[in-house]
Amino acid sequence: MSRRKLRVGMVGGGGPANFFGGPHRRAILIDNSAELTAGALRGKPEEAIASARELFFTRGYGDWKSLVAGEAALPESERIDYVTIVTPNDAHFGPADAAASAGFGVLCEKPLTTTLAEAKRLQATVQASKSPFVVAYTYTGFPMVMFARRLVLDGAIGEVRKVEAWYPQGWLASKLEADGQKQAAWRVDPAKAGASGCGGDIGTHAYEFVRFAAGRRATRIRARLKAFVPGRALDDDFTVLADLDNGGIATIAASQITIGAQNDNGFRVSGTSGTLEWSITDHTVLKHYSGGEPLRLYRLGAEYNYFPADIKPYIRVPSGHPEGFHEALANLHRTLEWTIRRSRGESCPTPFEHPGIEDGVAGMAFVEAAVASSKQDGAWMELI
Amino acid sequence: MSRRKLRVGMVGGGGPANFFGGPHRRAILIDNSAELTAGALRGKPEEAIASARELFFTRGYGDWKSLVAGEAALPESERIDYVTIVTPNDAHFGPADAAASAGFGVLCEKPLTTTLAEAKRLQATVQASKSPFVVAYTYTGFPMVMFARRLVLDGAIGEVRKVEAWYPQGWLASKLEADGQKQAAWRVDPAKAGASGCGGDIGTHAYEFVRFAAGRRATRIRARLKAFVPGRALDDDFTVLADLDNGGIATIAASQITIGAQNDNGFRVSGTSGTLEWSITDHTVLKHYSGGEPLRLYRLGAEYNYFPADIKPYIRVPSGHPEGFHEALANLHRTLEWTIRRSRGESCPTPFEHPGIEDGVAGMAFVEAAVASSKQDGAWMELI
Amino acid sequence: MSRRKLRVGMVGGGGPANFFGGPHRRAILIDNSAELTAGALRGKPEEAIASARELFFTRGYGDWKSLVAGEAALPESERIDYVTIVTPNDAHFGPADAAASAGFGVLCEKPLTTTLAEAKRLQATVQASKSPFVVAYTYTGFPMVMFARRLVLDGAIGEVRKVEAWYPQGWLASKLEADGQKQAAWRVDPAKAGASGCGGDIGTHAYEFVRFAAGRRATRIRARLKAFVPGRALDDDFTVLADLDNGGIATIAASQITIGAQNDNGFRVSGTSGTLEWSITDHTVLKHYSGGEPLRLYRLGAEYNYFPADIKPYIRVPSGHPEGFHEALANLHRTLEWTIRRSRGESCPTPFEHPGIEDGVAGMAFVEAAVASSKQDGAWMELI
Amino acid sequence: MSRRKLRVGMVGGGGPANFFGGPHRRAILIDNSAELTAGALRGKPEEAIASARELFFTRGYGDWKSLVAGEAALPESERIDYVTIVTPNDAHFGPADAAASAGFGVLCEKPLTTTLAEAKRLQATVQASKSPFVVAYTYTGFPMVMFARRLVLDGAIGEVRKVEAWYPQGWLASKLEADGQKQAAWRVDPAKAGASGCGGDIGTHAYEFVRFAAGRRATRIRARLKAFVPGRALDDDFTVLADLDNGGIATIAASQITIGAQNDNGFRVSGTSGTLEWSITDHTVLKHYSGGEPLRLYRLGAEYNYFPADIKPYIRVPSGHPEGFHEALANLHRTLEWTIRRSRGESCPTPFEHPGIEDGVAGMAFVEAAVASSKQDGAWMELI
């Protein structure tokens, strides 16, 4: 029997000011292997249903509860395979927990929740239900970041000594939220964003580079959180020093007030025998330094044999035809899709080890420790 | 009444070795505004029909003739809106001509045909039928290339003096066609590719930069075509010197034997008061030089107000989230889609002036003149 | 009467393994305005004298004491104008203090001394003698760094919020000192280098970017010093978080174990209305970001009118003829030379405000506070 | 017996508007191995003598004839070792021929002369006198260009197929000569510059990349010379297509009207098994592409063992301390110096094979053929 498209549900992402709904829909659709099936896309039920219709979802729901319940009530041959959650941070837990409980796969935006406690409850649910779960640390979907991980884990740079992860932005350098910019408004509101603004929004991405690309985790951290823009309740600048589980160290620096910086995340991992460096500003390249040898630039392209067999399926076109942000996001959906398909006995390439529930929890632990540290003028906080 | 998705047909692009079918399907699907409706995707009828089913087309056809006839026979509420043609060069004319005759829109790969005569016949058909027609000079879909065009036409660099357009690749530096590489095989076969290999395949893209970005056309050219790889029937290296219609000059250089070059097209347009430069290797940036002032780098991002109103709708995400090749290709589909929708009275943003049938014809005139010049050791050839 | 060349003395810099003697001699000679007059270039008197002869110094001395005494005893028309000190850190104070006491100008390598107390004693001497004094924070001699300073002080980016200064190197990633590499050996020896290895050697350069380019100073700092290479007595990795005098913050990161990093110092200064960024890896360019405008790249070149009048005299050639490290170092000598000449009534361009004795002292205060902080697991230390 | 500094004469380069006198003096002085001995630096005798005094030459002469005669009359222990010629093109032949005849070494600016006939006469003189002779194709002094040559000659990229050499500038995009700019004035005057403006001034540099870096020579060329600026007598844009002696091809493109281009020369050499690429805009790096392997970046630095033994002595400082234009020029003086010293039995590193008289002649043959070709609308011209 022939393969069918996966059926995808989406919670949030339908409002005119929403940023990430569009990218996720593009990521779902781009590979012609999944369809937009069920949507609960906006806050008000009637708007949610209208939005689903306008955006060509097969079924519209008034809210996530009815979406999860409604889909669960359908026969297996009709109901969705997984849910994508694109709401503000405070509205992740509800639908994620319900969807996982109902046995649906989940692709959830980050940070996972607004508190660590919530994150752990969600983790318990996911572990109990064994639902496939991916957290949208989108930058781990860039093939060069995946390759960096593989190289580090394969020992290409020896033992990791130091990880530098960065994520400067400039878009909140002035008080945008005062002008009614919705993307800004919820991100600086503790009720919606959680205890950290900059740290939760982008510091978590930078920390995930430590975990994903360098394969390490922080054992203790100290943090400096600042709100530079007068009257802002949450941090717009975020710096963390970390000790790592293998005796190494890390610096994690994120900012929303670096005027001119766009979305310039990246990392450098220095080991005992080499260094790997990647930046989204040149995202098709991975730099590999090793002592007195020429600097090697790995370049993106499906035809290059240096890519490991489990990364090649994540590259769509030959070298020189730049894939970018949407394809990276699509790669996370791809991992979830392949995980689901393989669980059903379909033959698929091996899914890459993209961030799951435990990375989402680790991100929340990181944010909470950073906030606590900063409140104590940068005291060390253990991370378990 | 609510807007529906456009229905798209595709000819070619279904075989396992086909390169461009995948990108076009991604480009069609990514924006959630069109669907894969009718496919005649491979040479053998039964394979074509199977491929359409596998790739989730609503209807499969055994060949392009039955596709055009079959769709034309359907009621307007069911039939396709446009056809995308992704076959080797020698199989462009047939379906393009038939589709345009039948009143369908057409998005056709380049070079338009294998001869200028064929191209002109197609042009006559298109002019008669008034069918919307876009030629897949994909690189004109990069927003920074569109912006370059706008700046040049608005006089930002004064009168154009010199255009340098380049397109080096390295993938045919060895005799790949001897190893049964299908992409290579048809491109070096005069029967399938036409009279020029490198010139037709990528030289035409470079020449289109002269037309599209610099807003000029060549009045006469001389060419040096070389086949470096022993035993190859068509050129794998292609250099053209041109005189332009305003007294300026151009150099158009393409190559398939530049080892290490990926797909590195770009251009520099020098005018009496400034210079614009773009390269796909840094495709989110447009460089603007003007005398003693600092070099200005325009950067891609929906939020930058320097983008003209008619380019902004072609940018999907905020700065720093790199869009790339698929989005550029999707922008050409977008122009065709909006042209079609507006012709039906739907409200859409203004379509950008992407390459149409006359650019396709101009490309063929360019290739034929280049081949003729090269055969006469580089004699000047007039271009009308 | 016609202008004469300045007469320069040099202490240290004559041994075969010495790194900085050569660059300083090139910097002194390159502009045809000074000559190598008196040298006490090596540790052993006879070697010192032989070295001075071989290197074409007019007069050789066995040690710095006899150099200072000998020159001071000469008539003004013969004796040196200033002394360049190129010894390891522990041998800066002696000759600097003596030379300044004797009324000679001094250009001293950094870090100024091995302890803050020593630095302050030297400062007292210099203030008493009013001797012109320049500290070789060489990177402040790059014209683009000078221009950054001018732009910040002129308000081009508003009020400074955050300074990031970096200086990664990789040359000490393995235990080079065990192989008898002399440059490595003294730098990791507390007796010769002082209390900090990486911090003293290159962290001070990074901190000087905060002072010189951003025009700010740290009021308190916390530091993380690490010795990654087993058996190394001094830090080879150095990270400092700082609070600045205007309420802003800074991060200063230096490392000697970042394999592949060459000498890649640089900085980014983010203000309330813009950002400036410079890196030695692209040292002829200064990036200026300001909100929604295109990124401006100022490029090096004597003919660009955007350079302030007091920086132009520090640029030797037209744009595109890259000046580099030697010219930057020569610019510090130039500042000292012009200061001396003007003190004698000669007409010269205005010397730029390159780092003087107070910057040297500030660097030592910075290093000592960093070492103290690190010993207390990163406790905050006030800087006065 | 101890080594002495070489004694250098200079003809031209003393006027306030002269560009290249300064760089050559810096190049001579920077390495502390040569001194400014005899100068005939300006057109008018009294100014020439005053200028020599001001610039600290040991002896001033009123013109080059008296310089050559005067020095030749001195005892060997006093007279100069070589002459540097920094006059406009029409004043190269006289002093070069005289100096070579008198047995002095010569370092002559390019283009060698104003006509090929003159160049050949000079060649005859040089061959007869066996005087060491270097032509100031300065860019061959960049160590990465030297390394490219070595790699090509050692077969690192197989057989050369194609050489692309470029040299865009923008400084003559407007009629600068009308404003009395002296550098511009003589360069656009056929009486002083020769038959080609852009081609002679910078096209010759680009062609020398073909010879020096790629190790090939043109056997026939066709050229397009344009004067874009109204009223200009000589070309300000220059494009040449060439056939090479091994069956390969080359494109040589130079321009003075590319606004914003500084001095951006470079080259790409494509061979049967790899490609090398260098540009002065990133001059410390040499790119080496070879098929499916990662791109290798060789980086400048005295400590890198990949540098051949005969290039290392031309690198002064460790990696990351950028050497640039002055050091490249100094490398040409260094080659001449070492050639002279070795001829006297002094021990020196092996001089690199920098351009000599035959390269100067080849450059003139190239320019004359280009001018002739352009006059015949681009007809092919043989180069012998």
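First chain written, first letter: the chains are A, B, C and D, and each begins at residue 1.
Note that in this section contacts are C-beta pairs under 8 Å (C-beta built on N, C-alpha and C of every residue); 3 or more make two chains touch, one makes a residue touch a chain.
From a predicted model like this one, the values you see are computed outputs, not experimental measurements.
Visitor: On a CA-centroid basis, which chain has its centre farthest from subunit D's?
Guide: Result for max centroid distance from subunit D is chain A.
Visitor: Tell me which has more C-beta contacts between its two chains, A-D or B-D.
Guide: Most C-beta pairs in contact, of the two: B-D.
Visitor: If you average the CA atoms of subunit A and of subunit B, how far apart do the two points sit, in angstrom?
Guide: Distance between chain centres, rounded to whole Å: 34 Å.
Visitor: With chain centres taken as the means of their Cα atoms, state the distance from subunit A to subunit D in Å.
Guide: Here the centre of subunit D sits 55 Å away from the centre of subunit A.
Visitor: Using mean CA coordinates as chain centres, what's the gap between subunit B and subunit D in Å?
Guide: Each chain's C-alpha centroid was found; their separation is 43 Å.
Visitor: Scan subunit C for residues touching two or more other chains and write them down.
Guide: Within subunit C, the residues that touch at least two other chains are 261, 295, 299, 303.
Visitor: Which residues, counting only subunit A, touch subunit D once they are in their complex?
Guide: Residues in contact with subunit D: 288, 292-299, 303-306.
Visitor: Within their complex, state which residues of subunit C touch subunit D.
Guide: Touching subunit D from subunit C are residues 2-3, 5, 19, 22-23, 25-26, 29-32, 36, 53-56, 169, 171, 261-264, 280, 283, 299, 301, 303, 316-327.
Visitor: Under the stated contact criterion, what part of subunit A meets subunit C in this complex?
Guide: Counting only subunit A, the residues touching subunit C are 157, 161-162, 164, 170, 173, 222, 224, 226, 228, 237, 239, 241, 249, 251, 253, 255, 257-261, 268, 270-275, 277, 287, 289-291, 295, 377-378, 380.
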